[in-house]
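Going in written order, the chains are labelled A, B, C and D, and every chain counts its residues from 1.
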């Protein structure tokens, strides 16, 4: 088992005819992902190494039964592409694009909340890898193998680092999920942790957070109340300089929330083991699951 | 992107928000000339992108030319929370009957804009928020529905705004929200929002943070970046498309991906080192980006050693190695480098570095080992 | 039992200090409705014959535990008042106001769909009467008494006519619900018929429709599939002149839908007894329930 | 409120929708003058608030002044689906390479605006819709999200718009939606939306229906009501705030509430009568409204008998009785009236009427009885 993407995944890539989109799509297909179609307005009827390209997500879904979308278009077009995928009835949307305007993200997030059947991962995320099965996105799959540790992370390369440390201790992963570092991620730690809780293959959940926002604090409360599986957390940013904040609104809203220390404290209070370094994540995993 | 007060006010004016008239000035003479045109009393205000300048002496009232000169001389060049004042804003003094506070801010937790209103605005608003939080009325706005008249009423009544100002405050907030959305800001703050003796409302200050990702849709706003007030090294990094933040230590840090760089800073600190910077070379870092990064980091004479921590995903380690080799050819750094290359094409990268045998460059196989070594070398 | 309003109803009236609002509020209270508060911005602290007035719905709900709102403000302010009541956590909103701009109604409807806990009746409706218990709105309660026939109607006075015919044959009503004749009613025939189906007191459901839209056709399909209680329908407008329609869009969208004949046919096909006159509604009721 | 073509085009132009230049004319001479200014060939177009005028000869092309006069004379005063042409619109003839169809309409069933696009626009669009419905692409717009770029692409690709026009059509639809929402229309329709030989798009026609309830927010649009093209009796009713629609029969009908009036028409028809009108005196009808209603109904000389069917809710039957008595004093109608008064203050109302003993006024106790009686009296 795995979460979000699995052998049922039929992937349609928005931006498949772009340089990056094409490269990673073919990479994903080479890994074993069932890439059924792509979307590029105006290039319908063409193909990318045999993958048919459509003008709209609707046509792609109807003609290739795509159930998962990967968004690889530049920021000015990404929010629209996400909305189009959702409108077309695509249930899982994984948005890699970095740099989408914040108000666009807010509108997309608010709109998609009305359609709870749609799951958005990202934007500004490395995607989802279910090792040994499917890779959707840009996670370098070669470093990971199938196993029982579920990883969820706000950061890209830090995810690889954490996964790599686990791999060196012999652990594999059920799925590795990058939820992205943007202010308004489509899916939160809580959403993904719930999926891992329900996934029979996952025996340990690793979450990798960082300073800013309160997603980790919210996750801590949720884990304490609802999660039975062991959770190991790592938080980056203890040494990060405090940002210069404009005005007072930020301070009024957040108080002391959002610092790495506050997050680590909240997680520990919820019974989550918090590692001090990526290496320690793997050490704790050994402790909890055995070498 | 943070705006200066006067830039924020110009942006407010586009949305029908009342602001006092004024002029910017970059020298004492310009300030005097502006003050003489505007008339006395007038306010001499430091233009820096940070809150709390009033308390730190960055805003002074001048009742004549002599005072205007005195204040302009004192404030220009002043350091306010690490920022040097390079620009002033001279505006006619307003008569103040009451100081309110109003803002919209992008609330990450709630994933919605948060509106705040208080009748206890002014310099102590943060204190008000901790000691009497009920004095600040707040609510979240559904971004698809937008700011509704009832939002304005609810805020005004809950903040106990004077009865005659309930409707004007609602109107003011609606305009402020239109600026927030229309300009794609992540913060618009007015403190103080003053009530004049004539019972009109004026935005006496303006704090605006624009979303950098949206600037391509707002070419006018994109022009507003005040390069002069930025740290020259940070500017140098920005011109090279690198995310760089200067810190106080002596160990230069480079990594790919913000999370990994933050983690690297932490691990270096845990080993007793003091990072000199945060530098994210970005995903898919190419050789040129690496060369530029070495240039930026080593430009700081305080840096005694450098740690390269790369875990390749899109970034290919052989590209990083090539960039580092090129940098050494161009810049010829003399301080020690510790390089940890892992991930995509890691072996090729490490082989290239080994073959180049760069002077004073040390390979490390794990992040932990690399951090320990660089701390040692920086001593 | 009854639907929508009952003895638990704690009513707060928006527009209570207006002439009409005051008149009908006091009328409702005289009937036995528990009117706990009113809202008029700027008149907080005043009272209307002992009913406290607040500046906002939020204050009214917090201080008087109002759970039902009646909207009696003029059209330019009505949509905002509905949104305010919903935002304040009022679960049932009955909007009497006639003449709300269509785009306002559309925005309100679309927004409230996201909060399924909020039920909007109207706008442009006579309200809801649960005879012998509670009256919220402008239905002349004196003509109706408690009983086992649930009535739902798009029209005001036609509702009274139908109810009166039933009353003359000795029938009382569980509730009489005016859903309003506007293009975008907050609650549909289907919504209310489901409530009557679940209401143990209701033994017969009477629906009174009219030309325009397809609410009756949709109800017919729903009744056939989900409703076990007998339903009698009356449709007004067989003799109504066809409207002069601008352009072709209307014809393209609706085809032959929306005529009284099409509605009657759809309902009969769904097993609903369709009366030709209001009088016949009562005659069919006698047939179905016995005199 | 339905707009004339040229009013619709003026409204479109405010939203950046390309429309041909033209001039309105109310006389043949005005039309000729306009045509001479515009140049030939030009189109002479009947301005009536109804679809399908092209097929009925309401649009003619003039290649010279002689033809322009001929067409203007023919079209002015023409009857199109019951409406008299009192105004023309003269516009320069456009070169047409293709005729598309585009519209947004308020879809009651879906409770959302419906967008429609076809490349088979022109006079036969309704036929296209029944015979090859797949030639009309359509989708619903979420009113809070608004029209998105992907909506435009989906419509354009599904309607098989020429490849070079996909982006322009999307842009056109976005502007049309902005007119639909900004002007609070319930219909905006462009048929034909033409493609010129230069591959640009022009709205060659404009059908716009505005929401009457929203006109208080659009004072400019509220001015556009074309009183001259309305039936004088309907105008008389409108001036008295009554909802009146003229029908073909001889029995005048008055009731309170649209549903009850419709039901009354049906019951009269079932008894073999033919209603002369629909008249809703409204909720809470006061005596003056009733008096005005009697005036409007009896103004039609074809009315042989009148049925008053009132079920009082907010409306009080004693008020209705008083209004009827006043009307008889003022207007002294000679035709028979059947009056059924029930509901609020029914007894008082019936007593007042009985006491007044108006000539030729018959009381009925039920709607059915009243209908039967009035049909008998109208024979």
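Rule of thumb we're sticking to: a residue touches a chain if its C-beta (ideal position, glycine included) is under 8 Å from a C-beta of that chain, and two chains touch if they have at least 3 such contacts.
Predicted model only: the values in this text are computed from it and were never measured.
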B-C against A-B, pair bridged by the larger set of C-beta contacts: A-B
Intercentroid distance (Cα basis), subunit D paired with subunit B, Å: 57
Separation of mean Cα positions, subunit D and subunit A [Å, integer]: 54
Mean-CA-position distance for subunit B and subunit A (Å): 27
Sequence positions of subunit B contacting 2 or more other chains: 142, 144-145
Subunit C: positions in contact with at least two other chains: 107, 111
Contact graph of the chains (line, ring, star, complete, other): complete
List of subunit B residues in touch with subunit C within their complex: 142, 144-145, 148-150, 153-154, 157-158, 163, 166
Complex contact set, residues of subunit B against subunit D: 144-145
Subunit A to subunit D touching residues, read off their complex: 41-42, 44, 55-59, 77, 80-81, 83-84, 87, 107, 111
Interfacial residue positions of subunit B with respect to subunit A in the complex: 2, 49-51, 81-83, 101, 103-109, 111-114, 116, 125-126, 129-130, 136, 142-144, 181, 184, 186-187, 189, 191, 207-209, 211, 213-214, 216-217, 245, 247, 255-260, 262-263, 265-270, 275, 278, 283, 311-315, 342-344, 366-368
Subunit D partner contacts - residues on subunit C that touch it in the complex: 75-76, 98-104, 106-107, 109-111, 126, 138-140, 142-143, 153-161, 164, 181, 183-184, 208, 210-215, 218, 234, 236-241, 244-255, 257, 260, 276-279
